[in-house]
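Letters A, B, C and D mark the chains in the order given here, with residues in each chain numbered from 1 onward.
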Amino acid sequence: MIVAMQEKATEEQIDAVISAMDEAGVDVHRTTGEFQTILAAVGATASLDLAKFEMLPGVLHVHRISSPYKLAGRAWRPEGTVIDFRNGAKIGGQKVAIIAGPCAIETREQIFAVAECVKKAGGQFLRGGAYKPRSSPYSFQGLGIPGLELMREAADANGLAVVSEVMEIAQIEPMLPHVDCFQVGARNMQNFNLLRELGQVRKPILLKRGIAATVEELLLSSEYILSGGNYEVILCERGIRTYETSTRNTMDIAAIPVIKKLSHLPVVGDPSHGTGRRDMVPAMAKAAVAAGADALIIEIHPNADKAVSDAAQTLFLDQFEKLVGELRVLAEAVGRSL
Amino acid sequence: MIVAMQEKATEEQIDAVISAMDEAGVDVHRTTGEFQTILAAVGATASLDLAKFEMLPGVLHVHRISSPYKLAGRAWRPEGTVIDFRNGAKIGGQKVAIIAGPCAIETREQIFAVAECVKKAGGQFLRGGAYKPRSSPYSFQGLGIPGLELMREAADANGLAVVSEVMEIAQIEPMLPHVDCFQVGARNMQNFNLLRELGQVRKPILLKRGIAATVEELLLSSEYILSGGNYEVILCERGIRTYETSTRNTMDIAAIPVIKKLSHLPVVGDPSHGTGRRDMVPAMAKAAVAAGADALIIEIHPNADKAVSDAAQTLFLDQFEKLVGELRVLAEAVGRSL
Amino acid sequence: MIVAMQEKATEEQIDAVISAMDEAGVDVHRTTGEFQTILAAVGATASLDLAKFEMLPGVLHVHRISSPYKLAGRAWRPEGTVIDFRNGAKIGGQKVAIIAGPCAIETREQIFAVAECVKKAGGQFLRGGAYKPRSSPYSFQGLGIPGLELMREAADANGLAVVSEVMEIAQIEPMLPHVDCFQVGARNMQNFNLLRELGQVRKPILLKRGIAATVEELLLSSEYILSGGNYEVILCERGIRTYETSTRNTMDIAAIPVIKKLSHLPVVGDPSHGTGRRDMVPAMAKAAVAAGADALIIEIHPNADKAVSDAAQTLFLDQFEKLVGELRVLAEAVGRSL
Amino acid sequence: MIVAMQEKATEEQIDAVISAMDEAGVDVHRTTGEFQTILAAVGATASLDLAKFEMLPGVLHVHRISSPYKLAGRAWRPEGTVIDFRNGAKIGGQKVAIIAGPCAIETREQIFAVAECVKKAGGQFLRGGAYKPRSSPYSFQGLGIPGLELMREAADANGLAVVSEVMEIAQIEPMLPHVDCFQVGARNMQNFNLLRELGQVRKPILLKRGIAATVEELLLSSEYILSGGNYEVILCERGIRTYETSTRNTMDIAAIPVIKKLSHLPVVGDPSHGTGRRDMVPAMAKAAVAAGADALIIEIHPNADKAVSDAAQTLFLDQFEKLVGELRVLAEAVGRSL
């Protein structure tokens, strides 16, 4: 932490800041310039509340100079994290993984049709929601555990791993036998109680970026899971909210290479939520792979127009198969494979 | 709902859209212009998923023409909602209410000192957090129910009503005997399961706007509580995330008169979270009242610099008393009283 | 400037950064912590390009620790700047000034009717556009100098000062005899050539914040005018672009007290452009004054619905008179007068 | 245009709106629903000011149902526009074009070194700024026409076309003999006077998206040039301002396929300004091509660290050559070539 004093700060003010830094348990190095005094805190500064120092009289600015996250930082595992799944799939290595499925599990027919399509296209992961809290209390709310049982069966029949969203701590336990990877949705990215519990789980977590979260906040949230001892975290870029309305969200493709530089964790691109428009999913899926994504998560449905939720952003199965074929060529052009 | 067809849409495409609208159970009125055909849906359109129609071939745009909320709309109760509390305070009428307290309940001394100060200044509500999930797992996590018991005691001793944040469904039941108003935080504004449960409670709910939520989304979230039969909802503007960094959030003061026009529900301004800076709280508290806020919620602490959380935005007690004095004069200048 | 090195930075990398700082002509103070080395630049750092240092190998972050502006800074004139106009009006002192008029000067009748209304209501400034580059090439483009002559006449007849927007360097000279204050619009906030020329003028400049500009960028733009020797700059908050669509822009009311703290320059609030909605202008005008604005700039028109531009945000004359009456009471409640 | 009346709108209010629509010269079709009346305007609605109708009593919402642009619309030239340059290069066809060069033309050596590098790598366009209005009045301001003469010479020696930014109307004439394509910078995207003049020029215009502009606003600005008779407009995505700070701007990659769908005009991606970080340029250049960009514009410099402006986002020549090699492979993987 660096505290930059105002040009006219008095010696008393400077001393008061030094005392506050002492009290916080850090060593202080003072640089007295012609115009301005700078106080550098050295030591265990990660947990300091910078804003406290910013309010002290005579202080101009306070800067954090070390990353507020440790376990998620690239330095912690420079070679990058690769996560293994029991069906043999990996996320984080040379291969780009494909995760696909409907927004919500609806029927046995639906989920089996999707699973077969994912397998045929060469994907490794089946996704589908069992709990769907909706903006209207009268909408479909998801099949719950019976839905997960159907998805498990469909996935096993096709050699796929299962990804599904967990929305509350109480769902972790019942979901455990059925999923290979818990997804945390954008709205729960800062549900710290939930993240802490998932830190105790020994299955991978796919953590989605919040709609108004910075990359740094996403990494801080992952730290919550990592610090519990669960080192298998996958980060997901799924679009942020901006003033632009031609797409539902603005997919921040640059977040993918930025995260790859800052962190050792794998990164997934979600072009379905990233755009909210079926016709933009293929272009943005390609952009994500070109920018370095380790996996894609794509919403598909045998009858996409009739999907009970997210219909407008869901691909038909044949559109998905065509897209995966194109991605296979693209992945090779950027030194990866599918 | 209005479906505007593209200029070159074919009759087949138009017929397909009409069929889809029929299927959705609405009446269709067709306007055939020189260049463009327009299809208007009349009837129960509130629950329609517009995006589904937007993806149909030949469609240019789909517009919602009726408000997606009903119970929260101004038309439902044109005279405005006034919420009564058992200590005699009201939120929503001619008087501007003052809600104040620490971010977190810390000690008996702290909460009693605050309660006495709120009473002395002329405030009616004591707020304080009992559950504090923090970004670091090693930070203070709140006193829980024992904290609420302390706050209840301090409030009762000073004739104040109690407001405290509920973060999970499981907390509702134990909190019920201790609070007069449940606060829902910005991160939970779209936690629909929680909102639905709070629709069953018969105590007022103070619902904070999410950091990236529109005014319309805030009203839709309130609809969730209202539709459960709990008509006592108070909305709160507490700042949104923008590119500007000189304040922690950008307090959208215009949201206050916009909500007053669209809805009958009372509106609270939160200048503490709205700015994140103690030195900006007084100016923005005044701006909120000038713009028509029915109440203010302000973070205060006997030793604000040492508050365990949100220190930088917390007023000292004397600053708060001075501010309330100034607000009293201001409120009268806009035809209200404190 | 502070350069924070990465934890694993080598001595060679540190030496290279020190050399680069030397080359840039600043003194370097080195702090070697247990984990991290910090290099502080002392001296003439205002003109340094921080990004250059950020790209050097081994560098984690670079922070600016002194304000990049000097003449606009509060420290330069702690008592605040007050700007005098030849009609006796002031902007920046105890009184809140009122600037009002139509978006565009249209006819003699229109501008005289407005001028009389402004005088009657107690305002001191008449504003109106003579050059109106419009988004459509077929729209009304403004009356030019003849329009300014009309406005000058109407202003003089009513003891008002004239404010009008300058859009290009070539307009400065012909406008000079007719205006008392040049307005620079939001789109020109970073038109540095224009700002530089206005630094040579000896009339006040009303500089509007760009739609995507930070407060710091606004202050930097003002520095451009100030450094030319024109110390009479008035800053204007007129709304920024965010994801919220219920108002045309999001008026950043907090920018008013933030600027008052950072700078000695007067601040004007523009509730017309700030909201884009006539029905929200009164509430936001009051919020601006409550938050400390030194003046308001408001669009008014005798027949607001037929105004050739900005009709939706323009007040009718009687609405304006009523509002000024309410503002007079409000100003006194915050220790000012109108 | 569709005017949706409020549920409680009176017949008088409805009649008043119909009159206002009549006055505006459009035909009105009325749909009277059980709850709500809808008025559809048919005819020449493109130039209507919707906000005027929105303020009428009893009106709920007004929606534009036809695109406000015509000449820029995809329907106007469904096969897409291809722009030919006299050096044989094209922008808009099957090949992805490469435009590269320094932010500012500095010396003969510099611009010749860059031109040779661009040719060697297989690029077709040399870019460089001759006018550099800078945020500080003491910074380098560009070489002006002598700089353009140098660039022209360097380009001709290497078979390249020249792209350079025009900042004011007065620069068009002197620049004409030296450039093959005028660039309009982000800050001038809504400088309508400049755009109108460029509509009279018979050389291609590369129009950059403003930092806070929507895709629709970009298309509207292009309409200004097109309506002057200059049909050779190239649009450029160069990043928008959001709350995220890990990159200087957020490059809205989805804007590329969105524009390709809405318009027939070619689209260029600018990963240099889009990210502001040299280390992110390659990933985002690839993302832009994968998403369908017709060209890339990239800042390069023989000694990128010492570039007089934009140093942090400028590639070294060897980095550029390596990137173009990678892009060549990528372009083929998406059915294009370089």
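The criterion applied here is as follows: contacts are C-beta pairs under 8 Å (C-beta built on N, C-alpha and C of every residue); 3 or more make two chains touch, one makes a residue touch a chain.
Computed from a prediction, not measured in an experiment: that's the story for all the values here.
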(request) Name, by label, each chain that touches both members of the pair chain A and chain B. (result) C, D
(request) Consider the two chain pairs A-C and B-C; indicate the one with the greater count of contacting C-beta pairs. (result) B-C
(request) Would you kindly tell me how far, in whole Å, the mean C-alpha position of chain C lies from that of chain B? (result) 31
(request) List the centre-to-centre spacing of chain C and chain D in whole Å, with centres computed as mean CA coordinates. (result) 27
(request) Determine the centre-to-centre distance between chain A and chain C, using the mean Cα coordinates as centres, and give it in whole Å. (result) 39
(request) Could you list which residues of chain A touch at least two other chains? (result) 212, 241-243, 245, 279
(request) Report the topology of the inter-chain touch graph, choosing from line, ring, star, complete and other. (result) complete
(request) Could you pull out which chain C residues touch chain A in their complex? (result) 2, 4, 6-8, 27, 29, 31, 33-36, 38, 40, 42-43, 60-61, 63, 65-67, 75, 241-243, 245
(request) Sort out for me which residues of chain A touch chain D in the complex. (result) 212, 214-216, 240, 242-247, 250-258, 261-262, 274-275, 279-280, 283-284, 286-292, 326, 329-330, 332-334
(request) Can you check the complex and tell me which residues of chain D touch chain C? (result) 47, 49, 51-52, 54-56, 133-139, 167-169, 187, 190-193, 196, 210-212, 220, 224, 227-228, 241, 276-279, 305, 311-313
